[in-house]
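Each of the next two complexes has subunit A plus one other chain: subunit B in the first, subunit C in the second.
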Partner chain A sequence: MSVATVSQTAMAGQDTTARAGRDESARLGFRLTLPAQILVLFIAVFPLLMQLYISLTDWSPLSGRNWWMAWESWNSFYNYYDLMQDNRFWGALWRTFVVMIVCVPVEFLLGLGLATLFADDFRGKRVFYSILLMPMMVVPAVAGYMFFMLFQSGGPVNDVLSTLLGTRVAIAWLSDPTLALVAVMIADIWQWTPLMFLILLAGLVGVPQDQVRAATLLGAGPWQRFVTIVIPKMKTIIIIALAIRVIENFKIFDTLYIMTGGGPGVATETISVYIYKLTTQDLIWGYVAAIALAILLVLSVVTIWAMKRMAAAREVQA
Partner chain B sequence: MKRSVSFELFRYAAILLALAVTLIPILWMVSMAFKPVGEWSATGADLTWWPQNPTLSNFRFIFGQSDSSLIVALDRTAMKPILSSLLSASFGTLIAMTAGTAAAYGLSRFGSGQNLPLALTQLRLFPPMAVMIPVMIMWAFLKLTDTWWGLALVYGIVTLPFAFWLMKTFFDDMPREIEEAGLVEGCSRWRVFTRITLPMMRAPLASAALFVFILNWSDYLIALLLTTREWVTVPVYMASLSSSMTGQLYGAKAALGLIAAVPPVIMGIAIQRHLVRGLTFGALKQ
Partner chain C sequence: MSAIRLQNLVKRFGSFTALKTMDLDIGDGEFMALLGPSGCGKSTTMNMIAGMEEPSEGRILFGDRDMAGVAMGQRGVGFVFQNYAIFTHMTVRQNLAYGPRMHGKPKAEIDRRVASIADLLQLTPMLDRPARGLSVNILQRVAIGRSAILEPAIFLLDEPLSNVDAAFRAVMRTELKQLQREFRQTMVYVTHDQLEAMTMADRIAVMDHGVLQQVGTPLEVYNNPANVFVARFIGSPGMNLLPGKPSESDRGLVVDLGPLGATAPLPPSLAQALRRHSGDVLFGFRPEQASLEPAGPGITAPITIVERIGARTIVHLGDDETAMKVVVDNDVAADAGTSVVVVPRLDTVRIFDRATGTAIGGEHG
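Now for the complex of A and B:
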């Protein structure tokens, strides 16, 4: 487009100038994108092939062989077969979904509620807004440590509960299988509700006010306006916010691992924690590669779907 | 639209509650960081929300001064982990911003690298845990394990999608007239990019760089897998702080947590305007 404009402005008229400009653009475009392409090859394409190869073997860093010699312990698809039978894997996957199914909707509802409170102007709005965003900027590992301290049996959470209930409460949150999971979820909700709030507020502000006013004139109440105008207008944004949190929540590791290390037992062992333990403690890397690839395959489908949604949103805005 | 008084009351009450929930965990850590050893793990009636005898000994302790009430001394101080975090996060940001800005401009202006948006989005969405086996093997082979430069390279690649998308939306938004004027004046396209476009984009570049730096600085998992001793980063070091003698070193860890948490929070507030754009890959602007 700009090439055409330029050649017209220069009134070259001849093909040669235009073609020279186009060649220059193509060459520069290629060179500019080259570093990124190399990095993608280096970290994505090549490693994935390597992962596929290793996943078909029993290779381990302790085997004393270089990874390219892994074929010596070739076991076809046995790792994938193993995966199907691996109860600890399915347990971890199940726990990951439980955390997601609780956390994401709670974060969404709290975020949406807060966003509606911030939709119009009031005193102190900017300061409150900045403070409310703080949790998502705290280093997740540090947030994990904060909640580790809060949930100690002699910690502030029990202290507050004792005051409220009037009796001495000494719950060992992080060593009870169910409560540990609850504590981990509370930490996740604390840290990521601000993200929902941030995105949903941006969407809420973008809802055309004339339509809302028109509905008010027609006698629609606040709730009716919210459900029939605001929510439909925010549909794409809501889907993006949910997609981001679902994808991120699936990876949950830092806060959780610092708080409980996956324990007690395997009570808070999510998929990332399970893979981490297999990688660093069991060292069966052939099997880990198989799990990782299986997960990547499933996530790719979700990713492509989410990408289409985001592209659609960009079109709408453009 | 005028709101009723009861709505305003409800709004402030709800916001105050949210503020309290937001701030209490942070304040507890801040308070713990300034507590002397004796107040670390008091329970029940002795639990204090504010340090009774505020002290800087926790900070001194993590920087190597031995603490008589702790018996133990650290075999290494927080200095090197802080340096490691700074170096790996900064150079990771440099790699991501250089490759990302160049690629974003190439795609935005010349349509090169059509595969990058999808490839980079997938890169961002994949759990790092699921691609670390090959990376660990490669890094061991290249002797990059447990070095800040090896970590910086991974960070550069992991945050490349954010740098790319942020800069792409900034370039897409930028009016083309000025660049075209430069071309008419006879500048080459490379010169237009380096002498006209980049200087104009200084503010967006700075915001994107801060955004990427926060992400790199916040990493725990990758550093946990790729560093073992020499170049562990602050979060890894913090998690390892405990001793068999005294158990959890609450105050010392809190002091370190505070040091780790402050820079990204300040930077995040500084670039608030661009957070939505960065987090949604430009699907949403504020």
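Now for the complex of A and C:
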């Protein structure tokens, strides 16, 4: 009994000493990283607070006052209230969502298919590989101009269709509300499937081949192997690829803006395009700040979800 | 039906020949061990039997059926990988159920089979644990169970025990042997541990550098090694091989052991075989099949090292060309630096051609 008491006391003593040591080193660590922390605070948190502040006002660069004087036009949450009522905002959000829900899965499936092809060896693999990665390296503005030309009613796309169908096709792609959206999606898929392919290929190459062979020996066919071994092993990387593309696609702007400018009308106006117009044409920066913060919130939720899933997937994987 | 026949099997990787013309018949229900040092082509042979690699030349038959062009999933072989290749993203249960599931078995049957194999391999308590993070000893049983659940007629195991600890290895040796007795599969078992091969196999195929050296029961391989490689490789320590020349004496044909200044007598049958032979030989005898005497007829040599390993003592004698070992009981007196007389048991003496390394006389003429 007494022995147990003694050892417990001793352990308790050790514990306090250890904790004191930890506190000491934590304090030192804090002091050493303080400059960096202040810098991070300034870079990340300051703009955020500034935006939050402006979003609660009617401030505009036209007012001729400095931004920190924005409190003069304080309107509390009126901008956010406005946002709820803004049909153009909800329309832009909806279109952004539609583009994403079409483009990301298509890019994913194409990328996965290509990656599967490229996991095996074939003649001319390296040449095709380079060609495949090229769209990703084209400057988005240039890609936008390229697709703008391609989709002209007298442009190459219609020429190809004419040849295929045997009759003269003169579709006004970029002036038709639906087709303009389709054209924009095609451009996005063209440009970003390679990134998907690249990430997924890295994941595919990392799938342990002995487990795939073990599955084969146990009687699994190619499709069964793919579903039961390959995909589960690639889960983390699939989530990374999807998260990157969802976040990037949500911000779709440059290629699209050059192709259609958000038109015809507002047919291809996405969130970024809408914000751009408000910023440069309407100049109501208080309102823009409110939208930007709302979107940041949405993207943060997506990112947190993806990170949670990734952690869970890693739990299951080797 | 599930006999395996390898005919003129050759495997090349580019310009490197991993397996040179292998001929081997493995009987239905036989437990065959492929034994050899690292890199001798054991895994290569197994992978070809399983269909993971195409032979460069030759044929593989299961019974009378040529396996050329039969995909590995269709061959119906169970395979336990050297590193187990457990599906780490699944539970133990999902691993065991994988085979039957892929074969489209009904749920009730899968459950029944998993339960019975888990019971057999004592995996029941960890059925629902994730396979990732289980100990090697358990993974090893999961690997065996995952293949055994399909009750394959042919079971291939590639060094299944090389990663598990010594105590567990002894347990698994017995269990695997029982498993095979029970199900009567044809089993091919790769190992570089001769103890495993000797204790479990019906027959052993000894390989070296892609060449099949000898096939025989454990005792055949031990008693009558076909060549110098097998003589040295089997047994621990391996057979003593002393350079010598046949020479006539009043005791009949003997081997003149040159530098040792001794002549060793031969059993009559061996002497007869050696008479028809000319040239230098190697005089072989097992360390366990010789005794140490203080004086008298035999091979006199100085003791260099005495290794006491518990029940037995390994006495090292001579040096370089004349180096030999004798295993004696631990109560036999032996001191380094003194000279003793080594007396090989006459009937266990083996003679090899020094130029070719092949055995002379005995079962291998």
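As a working rule, the second predicted complex is superposed on the first by the 260 of 318 C-alpha atoms of A that agree within 3 Å, B and C clash if a C-alpha of one lies under 4 Å from a C-alpha of the other, contacts with A are read in each partner's own complex, and residues count from 1 in each chain.
Simple rule for what comes next: a residue touches a chain if its C-beta (ideal position, glycine included) is under 8 Å from a C-beta of that chain, and two chains touch if they have at least 3 such contacts.
Quantities reported herein were computed from a predicted structural model and do not represent experimental measurements.
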Could you say whether A:Leu109 touches subunit B, subunit C, both of them, or neither, answering first, second, both or neither?
-> neither
When the two structures are overlaid on chain A, which partner does A:Thr303 contact: first (subunit B), second (subunit C), both, or neither?
-> first
Answer with first, second, both or neither: which of subunit B and subunit C does A:Leu32 touch in the superposed model?
-> first
What is the contact status of A:Gly221 with respect to subunit B (first) and subunit C (second): first, second, both, or neither?
-> second
Is A:Ile43 touching the first partner subunit B, the second partner subunit C, both, or neither of them?
-> first
Subunit A residues in contact: does subunit B have more, or subunit C?
-> B
Go through the superposed model and pick first if A:Leu195 touches only subunit B, second if only subunit C, both, or neither.
-> first
Scan A:Leu283 for contacts with subunit B and subunit C and give back first, second, both or neither.
-> neither
Touching partner for A:Asp254 - first (subunit B), second (subunit C), both, neither = first
Which partner does A:Ile101 contact after superposing on A: first (subunit B), second (subunit C), both, neither?
-> neither
Looking at subunit A, which of its residues have contacts with both subunit B and subunit C?
-> 216, 317
Residue positions on subunit A within touch of subunit B in the complex are 2, 5-6, 9-10, 24-26, 28-33, 35-37, 39-40, 42-44, 46-48, 50-51, 54, 61, 67, 113-114, 117, 120, 122, 128-143, 145-147, 149-150, 152-156, 159, 162, 168, 170, 190, 194-195, 198-199, 202-203, 205, 216, 237, 240, 244, 247, 250-251, 253-254, 257-258, 271-272, 275-276, 279-280, 285, 288-289, 291-293, 295-296, 299-300, 302-304, 306-307, 309-311, 313-314, 317
List of subunit B residues in touch with subunit A within their complex = 1, 3, 8, 11, 14-15, 18-19, 21-26, 28-29, 32, 41-44, 47, 49, 95, 98-100, 102-103, 105-107, 109-113, 116-123, 125-138, 140, 154, 156-158, 160, 164, 176, 179-180, 183-184, 188-190, 193, 214, 217-218, 220-221, 224-225, 234-235, 238-239, 250, 253-254, 257, 260-261, 264-265, 267-269, 272, 275-276, 279-286
Going by the contact rule at the top, pick out the subunit A residues touching subunit C in the complex.
-> 208, 210-211, 213-221, 224, 228-229, 232-233, 235, 316-318
The subunit C residues in contact with subunit A across the complex are 50, 52, 72-73, 77-79, 81, 83, 85-89, 98-99, 102-103, 130, 132, 146-147, 150
